[in-house]
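Going by the order they are written in, the chains are A, B, C and D; count residues from 1 in each one.
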Amino acid sequence: MSILVDKNTKLLIQGVGRDGSFQALRMMEYGTNIVSAVHPGREGSKFENKIPYFSSVSKAINETGANTGIIFVPAPFAKDAIIEQIDSNLELVVCITEGVPIHDMIEIKNYLQTKTTRLLGPNCPGIITPKSKTKVGIIPGNIVSPGNIGVVSRSGTLTYEAISQLAQYGYGQSTCIGIGGDPINGTSFVDALKLFQEDEETEAVVLIGEIGGNKEQEAATFIQNYMSKPVIANIAGQTAPEGKRMGHAGAIVTGESGLASAKNISLKNAGAHVVESSAYIGKKVKEVLS
Amino acid sequence: MSILVDKNTKLLIQGVGRDGSFQALRMMEYGTNIVSAVHPGREGSKFENKIPYFSSVSKAINETGANTGIIFVPAPFAKDAIIEQIDSNLELVVCITEGVPIHDMIEIKNYLQTKTTRLLGPNCPGIITPKSKTKVGIIPGNIVSPGNIGVVSRSGTLTYEAISQLAQYGYGQSTCIGIGGDPINGTSFVDALKLFQEDEETEAVVLIGEIGGNKEQEAATFIQNYMSKPVIANIAGQTAPEGKRMGHAGAIVTGESGLASAKNISLKNAGAHVVESSAYIGKKVKEVLS
Amino acid sequence: MNLHEYQSKELFSHYNIPIPVGFLATTIEQVKNYVDKLNNNAVIKAQIHSGGRGKAGGVKLVSSIDESESFTKSILGKFLITPQTGSKGIKVNKLLVEEATSIDREIYFSIVIDNNDYAPMIICSTEGGMDIEEVSRTMPEKIIKTVCSPILGVSNYKIRKICEELNIPKSLIPNFTEIVNSLYKLFIEKDCILVEINPLVITKEQKVIALDAKINIDDDALFRQKSLKDIEDKSQLEKLEIEANRNDLSYVKLEGGRVGCMVNGAGLAMATMDITKWAGAQPANFLDIGGSATVEKIESAFKIIVSDKDVEVILVNLFAGIARSDVVANGIINAAKETESKIPLVISMRGTNSEEGLKLLNNSNLDITTATDLENAANILKQKLSQGDI
Amino acid sequence: MNLHEYQSKELFSHYNIPIPVGFLATTIEQVKNYVDKLNNNAVIKAQIHSGGRGKAGGVKLVSSIDESESFTKSILGKFLITPQTGSKGIKVNKLLVEEATSIDREIYFSIVIDNNDYAPMIICSTEGGMDIEEVSRTMPEKIIKTVCSPILGVSNYKIRKICEELNIPKSLIPNFTEIVNSLYKLFIEKDCILVEINPLVITKEQKVIALDAKINIDDDALFRQKSLKDIEDKSQLEKLEIEANRNDLSYVKLEGGRVGCMVNGAGLAMATMDITKWAGAQPANFLDIGGSATVEKIESAFKIIVSDKDVEVILVNLFAGIARSDVVANGIINAAKETESKIPLVISMRGTNSEEGLKLLNNSNLDITTATDLENAANILKQKLSQGDI
């Protein structure tokens, strides 16, 4: 077992430009079963002489039985691609694209409430399950290995950092999932923790948060109430000066909860094992599991 | 038992103008527990020296514990009242107002999908449960009596007709529910049938449909698959000339399904007892239940 | 509420939806002047609230002033009969004079409300310029239905698919996309229940143009569409319909009947019609007084019914919920006295305050037979018919 | 992207949100002219991207031409330092000259994005004209939060409640309601992440006017807000920030540091900052190259970092996912050679194509120390610091 993706994943890739095609090759090399590609104007031809192109997601699904989608289209077109994939009732849609306007995400989140599809991202590195050699996203395949640690993170590159530290201490991963760094996104920490808690192969979870928002506090509440598995948590941005993006009115919305210190306290109180320095995540896992 | 309203119903009334106040008195006379009223500019005073007025639904609920709402406000303000009641998480909202713009109902229906409230109406006579003397709406209290027939209808006045025929043949009602005649409304035939099927006190259901749309066909499918109780069905408009409202493009959407003949066939095939003349509904019930 | 073609096209213009150059004319002189302006290559179209104008002779391509004059003489101020107008037809007061268009392809395009998905639905077809119901019957595979989302509008991917299915040339896709988005915006902002373009043409010069235009506005939303309400062409309605509309009553005239029907509620109205017909009589009209009713409203309703010369007996079928029987009774009595109507009444009155209502009626000295219910009312009608009372 | 007050007010004007009569001035002559026009009763406001202008002396009520001249001389072209600007302050190039308003009441009103409910949120308070964070801390009960619905917008009942809580006089409610709806429309249509009016005033003449205005647009949406993008005042940004923006890089200057940091991803950037500080060093800046990166982009990133005179060592922390290590390596090598930079580099490079990248770096003859991971990078930094290498 694993979460969200496994050997049954039949992937559709939408947006096969420079980054999309490069990453499609990495996914195929890793072992992911990519069954179709959607890219305007290429219907009839094949990606790498192997994967048929279609002009629309619904056609691609009808012809190839894809059950999962990944999106690499540029930000101005990401909303439309996400909606197209949601409307086609894919089980999981992973949007890698960064820079999706927040008003687009507001619409998408409200639309999702009436649908059954799970969205991961946008602005995320996707998901990888080492045991079944299935990667839907851009997490480098050579840094992961099969094992029993679940990894969930808001930050793409910090996810890699955590995985590579796990490797140093001999820990493999059940599934690694990057939920994305945008303030509004498809899958939350809580969603991922719920799945890891239910997953038989996951023994412990590494959670990597960031300053800003209060998603880590929501995770803490879930950990306190529902998690029996150990959670090792790290919050990036302990020393960062206060962000300015949302201005003063924004600060009122979240209050003090955006600070690293507030998140650390919540997580500690909830029983998570908090590691302050991002350099010692692997070490902490070792400590907790020994 | 009964459906949707019973002795636990604590009613809030919104819009206490000429019709609203008249009907509020009828409901109180009948036995309905009206706990609060919402009407602009009357906060602090009481309706009939009994029922406190509030300026907003949320205040009224906080102060009086209302769990059900009824709306009599004029059509231009109906959407806002419905939304206010939905946002206050009332279990059931009954909108009597007729003439609510269809684009308003589109928004409301889509909004409802993200909420837990059940909406009945608009443009409906509401609901009445004789046994517990609870009436939320305008169905005349003197024509109903406790019993085991569930009545569900798209038409207000035809509902009364059916009830009065049931009385002639000695049948009382478990609950009578008018879902309203508008093309888009809160509660469908299927919703009501589901509740009646599960209701211990309901022995048989009288369903009164109309020409137009395909909600009767949906009901037929539900009857065929899930109803063990007998359903006596009547479609009004057998001899009506074809409607013009939606024009030609509209006719393409529903095709032939809007015709009374099509509805009768679907219902017959589903095992419902179809009575062609609205004058013989009571007679047919007698026939079926004897 | 229906808009005329020229009114619909005016709205299109506000939304940047391309239409042919055209002018509205109400006199022969204007028509001739415009045809001249358009270099003697124009289409003249009768502006009436009905489809099927083309086949009925209401649309004419003209290539000379003389031709335009003789056509105008034959149609302006006359009644045009189409399959949708009834036998009297509708009077043509206005003509739209448009430049003739060189058509390459004709597309059907409309937006309606899909009651099942609670959303606007786009219907289109490569088979434009034809009766779309006919297309739907004979070539259902040529009808493309696209459900939109009230949350998101028309997603771009859906427009791309429509373009693919309609085989829109690549160079015209941006243009076509803009038209679809504008039509959707108009549909939402103007509370439409129908926006139809048949045909939407691609011209030989590779332009996309709305050659026809039909818009239907939700009557219930006219309170917030005042500018549209103000342009309603009342000349297209029957006099009694206008009177009914003004009093917020729903009036339908039926041909060949003798029974004037006053009911409350559409369902009861239909049941009453069923019963009346099965009793062997034909309704002359239907007047639904709706839910809430004042004495004045009932008076006006009664006056409308007795103004219909076809009416020989009046059937009142009232089952009062939000309405009050006593109010209805008072309205009928006042109006009958005021109009000195001698038309006999069959009245079934039940529900809210019905005892008070019946008492008032019975004390009124009018020619009233009261019925106990629907079946009884039908029997009384049947009896009166067989006795030759009416 | 921040708009200036005068730009925000221009937008308000388009949306019929009332603002005081005012003029934008860039010279003393203009200021004097406008103050004269306004009958020597005006407010002059420095237009810079910062809050707290009032306390910092950037806003002045003047009642004579002389007064306006001396204030303008003291501020125009000078750097204004506020609690939000940093020690250098921001240059004042533009002044807004407005009619003075007789204030009866001051209200705080803003719309932001509520990430928890995925919806716009209205925040308002009777305590306008004050620092709203201060109000939030000391009188949290005075802060009214109203979550809107992306499906429905601002429902009227919510506005009624706001009016009640703000105690808006009954006669002004229609006016106030219109302002709220217009602001919401602006917020949605212009891709705002903040619209703030502090204060929204009720004047002694009982008018509602936006006395101040602050708008912040989502940078990610500027591709479809071209007209706003075009009016961005680049003079308010640091030169290096402008350069970074132009290359789609995210650059943050930090005061008092010596380490220039190039990273990919905000999370890794923050972790890198944490590590650097814990190693005893201070970052001079942060340059996040984001996800996808071309050689040109990396070259430009490197040039921006070495242009910062505070930088004595460069720390590159790359964990490539969608980015490619070889591309980054080539960018660094090219730029280092072109700029002839002698600044030592500490580079940790992992992930996609990292072997190729490290090979390129090691063969480049630049002053590079490669680190195996975050901890190692921190240790190398610490070592270099203790050895006095930097």
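Just so we're on the same page, contacts are C-beta pairs under 8 Å (C-beta built on N, C-alpha and C of every residue); 3 or more make two chains touch, one makes a residue touch a chain.
This one's a predicted model, so the numbers in the text were calculated from it and none came from an experiment.
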item: A-D compared against C-D, more contacting pairs; value: A-D
item: Between chain B and chain C, centroid-to-centroid distance (C-alpha), Å; value: 28
item: CA centroid of chain A to CA centroid of chain B, Å; value: 46
item: Centroid spacing, where centroids are CA-atom means, of chain C and chain D in whole angstrom; value: 55
item: Interface hub residues of chain D, defined as touching at least two other chains; value: 150-151
item: Shared-contact residues (touching 2 or more other chains) in chain A; value: 107, 110, 114
item: Chain contact topology (line, ring, star, complete or other); value: complete
item: Interface residues, chain C side, partner chain A - complex; value: 149, 151-152, 155-157, 160-161, 164
item: Residues on chain B engaged by chain A in the complex (per definition of touch); value: 110, 113-114
item: Chain D partner contacts - residues on chain B that touch it in the complex; value: 40, 55-58, 77, 80-81, 83-84, 87, 107, 110-111, 114
item: Chain D partner contacts - residues on chain A that touch it in the complex; value: 18-19, 22-23, 26, 75-76, 96, 98-107, 109-110, 125, 137-140, 143, 153-161, 164-165, 168, 181, 183-184, 208, 210-211, 213-214, 236-241, 244-255, 277-280
item: Residue ranges of chain D touching chain C (in the complex, touch as defined); value: 150-151
